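As written, the chains take the letters A, B, C, D, E and F, and residue 1 is the first residue of each chain.
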Amino acid sequence: MSGLFTFGETMGLVAADGIGPLGHAKSFSFGIGGAESNVAMGVARLGGEATWLGRVGPDATGELIASRTAAAGVRTLAVTDEAFTGLMVRHRRSGEFAQVDYHRAGSAGSRLSPADVPAHELRGASIVHVTGITPALSETARAAVFQSVETAKAAGVAVSLDVNFRAKLWSRFDAAPVLRDLVKRADIVFASPGEAALFVDTDDVPGNLAALGPAEVIVKDGGKGCTALIDGVRLSRAALPVTVVDPVGAGDAFVAGYLADRLAGASPEERLATAIATGAFAVTVPGDCEGAPTRAELAALQGDDVRR
Amino acid sequence: MSGLFTFGETMGLVAADGIGPLGHAKSFSFGIGGAESNVAMGVARLGGEATWLGRVGPDATGELIASRTAAAGVRTLAVTDEAFTGLMVRHRRSGEFAQVDYHRAGSAGSRLSPADVPAHELRGASIVHVTGITPALSETARAAVFQSVETAKAAGVAVSLDVNFRAKLWSRFDAAPVLRDLVKRADIVFASPGEAALFVDTDDVPGNLAALGPAEVIVKDGGKGCTALIDGVRLSRAALPVTVVDPVGAGDAFVAGYLADRLAGASPEERLATAIATGAFAVTVPGDCEGAPTRAELAALQGDDVRR
Amino acid sequence: MSGLFTFGETMGLVAADGIGPLGHAKSFSFGIGGAESNVAMGVARLGGEATWLGRVGPDATGELIASRTAAAGVRTLAVTDEAFTGLMVRHRRSGEFAQVDYHRAGSAGSRLSPADVPAHELRGASIVHVTGITPALSETARAAVFQSVETAKAAGVAVSLDVNFRAKLWSRFDAAPVLRDLVKRADIVFASPGEAALFVDTDDVPGNLAALGPAEVIVKDGGKGCTALIDGVRLSRAALPVTVVDPVGAGDAFVAGYLADRLAGASPEERLATAIATGAFAVTVPGDCEGAPTRAELAALQGDDVRR
Amino acid sequence: MSGLFTFGETMGLVAADGIGPLGHAKSFSFGIGGAESNVAMGVARLGGEATWLGRVGPDATGELIASRTAAAGVRTLAVTDEAFTGLMVRHRRSGEFAQVDYHRAGSAGSRLSPADVPAHELRGASIVHVTGITPALSETARAAVFQSVETAKAAGVAVSLDVNFRAKLWSRFDAAPVLRDLVKRADIVFASPGEAALFVDTDDVPGNLAALGPAEVIVKDGGKGCTALIDGVRLSRAALPVTVVDPVGAGDAFVAGYLADRLAGASPEERLATAIATGAFAVTVPGDCEGAPTRAELAALQGDDVRR
Amino acid sequence: MSGLFTFGETMGLVAADGIGPLGHAKSFSFGIGGAESNVAMGVARLGGEATWLGRVGPDATGELIASRTAAAGVRTLAVTDEAFTGLMVRHRRSGEFAQVDYHRAGSAGSRLSPADVPAHELRGASIVHVTGITPALSETARAAVFQSVETAKAAGVAVSLDVNFRAKLWSRFDAAPVLRDLVKRADIVFASPGEAALFVDTDDVPGNLAALGPAEVIVKDGGKGCTALIDGVRLSRAALPVTVVDPVGAGDAFVAGYLADRLAGASPEERLATAIATGAFAVTVPGDCEGAPTRAELAALQGDDVRR
Amino acid sequence: MSGLFTFGETMGLVAADGIGPLGHAKSFSFGIGGAESNVAMGVARLGGEATWLGRVGPDATGELIASRTAAAGVRTLAVTDEAFTGLMVRHRRSGEFAQVDYHRAGSAGSRLSPADVPAHELRGASIVHVTGITPALSETARAAVFQSVETAKAAGVAVSLDVNFRAKLWSRFDAAPVLRDLVKRADIVFASPGEAALFVDTDDVPGNLAALGPAEVIVKDGGKGCTALIDGVRLSRAALPVTVVDPVGAGDAFVAGYLADRLAGASPEERLATAIATGAFAVTVPGDCEGAPTRAELAALQGDDVRR
């Protein structure tokens, strides 16, 4: 086996259509969202092999997570749990900001434990990808992350980490040492400048992150593009000038672009170019992960046969 | 003060529009649902005073519960809790059956406790209404029910109970003794034949329930109408012949009709007539509680100026 | 020229989609409705020539009336008035009944006057069709009806009347003598048994109506079918067994079917058969007049290639 | 009692969803709109006490007005009238402009008269708010405005006026002297530069308006922000840089922000800041008044935890 | 390998939501439909292995066919062709009948040829399923059917045929000999009484079909249930009493139920029971194939925990 | 007779609402589209006489084309063909580009032939308008264009050509000589700079096109406006600064504006002003041709009573 292996919590996402108070929305959409499954779906849509594992509840939301990830081409290993599947409720209170409520405490997804993650899956992958969200979910979930990282490293499998600090799940003080420990163990690290500031100085974010250990550090800075320090070489790339339809999911798409290209053997420069383009594509489509592009669609975004 | 006082868990209700698998639904509605708040809203729409109390989370769903109950004319006492508001997800898998998933374990609403329910509210009411759902939610919620019932009884306030056995929350063996204890303490009891069979013989359901103590026993039997034993008098009333649009909420509407009429000083015969009509109205409107009728609308249902 | 000529008030129709209180409807449709324009559209869809004349306001609703009638193949003579176009607001409060509110007092359509109706249009028609609604709108509208009827009769043009008593516009006492006067002047009269009871005995409705003068009397009785007394011959025809989707507009469709066939030279038996079929078709389609059938579609309703 | 008291005509608002000709719209929304009730709802959402009074018809639109204003927390005094409730029909003909048709002549709301407005309500308020729309509706409505203003002034209650000139209701020549008379009697005056130009020189709009009498003059200038002359002090504040979703209702939201802060005892500078922020919020949400913000939501608009 | 192997044309299906003329529909759905892929999806949802092969065009509809069949668990072998993917346009003209237009002449799907169907796929299957639609599409498609049947038979693989006569594709005279030839070669034959009448006497449909060769003959008779002659044993089973939401797709669901059970080694009686239940389920869900049930859902249809 | 006469293929247009992959769209619209009918509808909405002729299939899409063009005020001559009506499927894959698939090979519309176009229609028109799309559809369609142009020219009728090169229909090499031949025969030519580059040098596009023969050359350059060489006079006009909602159909609207003004006897300067304004209007409304403006609406776009 080969390809990307990732695991984490994926939830149902109930999103109000349109703008305004929740109680005034005329209709809602029901999708799924989870940083790790977003990355897996993005990689699969770009032609890479991707496996996602997670706990889901014995409910229709759990089935939806299994079918939507599979439909995107992901090999899905859904462990059924007796607890309910977590839900997010999102509405855009005004054109300027969205509110996301998490109905996830005690959810199936947060009950992930080390025994859920088969060692042979970890050892057989080319890249094992984790995020800083999972260790915040529960003690067992945190153990699953650290144990998986150790297993992968011991097998010589590259470990990828998206720092993904979530203030709604834990405090900066609780998070910083845990995330720093993960960065030290990872081979590939993605972070925003703000996330990096949790545990390194901000004078040279890529350099200071790399000093902790990872050979590949990529700093995502949204509309400003990205900077990176990959195998000792500093690189940067500007964002593409697109009209933002929905910024949610851009970070995961960026990561998917980079990792898909890395799986395909592309150079660091190519990886960043694909990461930037995939992230740009994501913001031109509504929804978290539903509109991840294929290689052909990515080409169309920049091609001269483009028409609105 | 006077009127109806009730408390319990109200949840957000995410309902798929149309028929089919959850993942194929084109749009969803977001409403609220809870047996006790349904009754309160039904009573208020019929012109009665009604107060509902419950715990809600610090999220948009919690705000929705507060605003929807208030908009129906209910005096709402929402206690904000740090836990998330519970959610239900409902879809009609085929024209023949619906599936409801509960995402409620550990929810704000289930953390209700005796201290939440002010004694002066209980003592100032004409009727205190509880259901058999609340004792199944948590130890503290069960204590809140029993303590409230005692406080009301001690103050000479009538206690109303809708047995409402929910198999998804507890087993028949766990539920039976608790519900039987509640029936013994209540003055007014609503039950279906199946629910009554949990703890009395089925040869004479109204009689056997009344033998436990309550002066007013009303047995709801859906499309067959109802039978009752009120202050020693046996009564029965057939269902109205309407086309069922959505059967959910009919039981709560029936209870609201009975209690609103009781608050208004109507005779037992009138109460049953209103209960039957309100229940019939409810099944001709989609949704749990959103379409509860006013007195004028109830009259229109049977009036000769009716037109489809 | 030839064909049907009719005139009256047509209004915008704002209709709530779905069932429930107006304030809970998720979306609304905006159509048009008017008994006379419904008949004109029905005749035109069945291949007959039809002209409709009416006053409309200087607003988008007025333009909509002009374009929708024209799109159905009606020759439309819209007289623009400075007053607003009348509006109807309809919602189905429950599955069992609908409420229609009229926002029409002082509307453009009610300001119709005798001078609006050109004598040459009346004289050039094969049938002039009026309803009992127009005389209830205003003094000038009533005058327009009576003067037009006289002009048509003097020119030997057949006068058709749909009695159409509307209790929201005038009392039974005000309406009865006016409608009776119109029946006396008409050649073709359509009425329900209830409408006929306003001014004739109910022992023999067709006979008693015919005794007032009209050579063709057709009594529409909804789901029971129709009875008629045409040129001295008594006829009757049962309704077709279809599933009712929306009963509104069935009466106008029935009239359109009869008159279209009469224009086409069909026998009384054929006219009733077409009237019954067109009325049946109308109740299987939502909306007032939007779904009037062509001859081919009418055939399909009864054909053996029918599939749901 | 205390808080804001206001009265005027509120109408049903039928609005086409999307952009294009009325006849091509796929769906419509049904809301309510009225300058005075918009202000009352805005004040109530910001935590102030607000009462709105107006005439409504015996129709579902009248009920909707009562329930929507009440749901926003407004104390609503709806006087039922036998005339129909006025309606507005709005569609966005292109992305660049909207058309609003008024179906209001002879409506219930325009039949407001001096006797409808209880003197004790006027005397018990902290602020009585009127607009320049009401005097254009009918003779009795105009009398109601002037008599109410006199009653309030005599009781020492502050009178607030939004000039709100509406060219569809009366000519500039008819309006100017009436509006000028109202400005002279008011303590607080809101106007746009164009409205002020009806009756004062444009060299110094705030100064010239203040010279007529009012102690607080606020000139709203849309995207340019506002200037004011309050208790002899000149102030100005720039607009917030938000993306406009729907400009309708921004003026009423601005007024609500100012008056809510005035009721709460805020300084002139704070009032303008809140007015600007509330107006900015309003343009980022579709609809007239449905999306008025709470204090918490207003804070979120400018907070650094903002995310689209 | 094992399981079901089938091939044929699958098209995009543009379906008007609601009832009425095409031009009045407010919205449309875009799905897929094809007798063979419907059967494959039905078998896969019931837990069987199923492979579908067909030609699709280089367009978004072609991609949709590939992704929707795959999402249902079907192994999909989509051969891309330069011609466009065929489309169906369906609208329900009235509640009583639907119209389907085929935009398929020259489509990719009709260009199927013998070389497209790999012999190893045919030989490795447990059942090869074909329909009487494919031979009507083109000369090459007809050759593909006959050659595949021969290859399967030579390898001892069971051949299943759904007669599926389509009058829009060819005449009864052209169809009869071809379909009869296929029946002779098949092991399992599904037909309606009307279809069978094309080439056998109607005195004993199952017997006369079996006399042509097939060991398993199943006569589907819609609401009347089915009769069968399987391995010399006559069987019959009544339809389930469900409320029909959408009859389209019931026949394919019936076939899927039978074949899934046959793959699973069930008895003839069990196969018919499952076929009847799957067909009943299909008519309670809108759409062609989107709502095919799992085993669990099939159980729920008949279970006593059923609630509407 | 007089006015515009045009002919070509019009197709059904199935368009996904919203942005994202085809399979994720919640709903679709069904409209019509065709360069020539778009121009005819645009001319008719601006008050000009316009006739459109084309072949349509015996399906609901064919009926829709006939009714939609007629509803826009176009005299429609629909020739019914046994082949299906062509369809387009459009979805916006991201906010940055749309994909249009053509399901048109062998369609009714492409089977247009010289005999379909009556000589008296051509001779009686003021302008005969053709596009470079029709000659690419089939041999007979190409012949129809050339023969019609000759007939018109011989009768002294002005010939208008919109070059409209479509790369999906033929190669640049195949198209260039045919389009050049048409330019030579035309009196009025519309082209984009890119289209002109197919067969003239780009140093002076208007001059080089005019050198081929046409007295009126108009070069449309989208957001940059247009340049022209009309009767020897060079003119240019900038685009209007509007927010683009949907760029599709702007070119056809531009042509309609120019030709409607030419029919009305306006000067070249006026024609360009109207063309620019009509094109600007088109991009502010979604859809191909559904939102073409009237003269009054065009005035509103630029008027000072404009409000969003």
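Note that a contact is a pair of C-beta atoms (placed from the backbone, for glycine too) under 8 Å apart; a residue touches a chain by one contact, two chains touch by 3 or more.
Predicted model only: the values in this text are computed from it and were never measured.
S.K.: Select the interface copy of A-F from among C-E, C-F or D-E: the correct pair shares over half of its contact pairs, counted by residue number.
M.R.: The same interface as A-F is formed by C-E.
S.K.: Using the average of all C-alpha atoms in each chain as its centre, how far is it in Å between chain C and chain D?
M.R.: Distance between chain centres: 43 Å.
S.K.: Roughly how far is chain B from chain C, going centre to centre by Cα mean, in whole Å?
M.R.: The mean C-alpha positions of chain B and chain C differ by 47 Å.
S.K.: How many Å are there between the centre of chain A and the centre of chain C, using C-alpha atoms for each centre?
M.R.: It comes to 63 Å between the two C-alpha centres.
S.K.: Of all residues in chain B, which are in touch with two or more distinct other chains?
M.R.: 26-27, 29, 67, 99
S.K.: With chains as vertices and touches as edges, which is it: line, ring, star, complete or other?
M.R.: Contact pattern: complete, every chain touching every other.
S.K.: Hey, which residues of chain D end up touching chain C in the complex?
M.R.: For this pair, the touching residues of chain D are 12, 14, 16-17, 22-23, 25, 27-30, 57, 59-61, 63-64, 67-68, 83-87, 89, 91, 99, 101-107.
S.K.: Which residues of chain A touch chain C once you look at their complex with the stated criterion?
M.R.: 26-27
S.K.: Which residues of chain B touch chain C in their complex?
M.R.: Per the stated touch rule, the residues are 29, 242-243, 245, 281, 284-287, 290-291, 293, 297, 300-301, 306-308.
S.K.: Quick one: in the complex, what on chain D touches chain F?
M.R.: 18-21, 24, 26, 92-99, 244, 246-248
S.K.: Over in the complex, which chain F residues touch chain C? Could you list them?
M.R.: 67, 70-71
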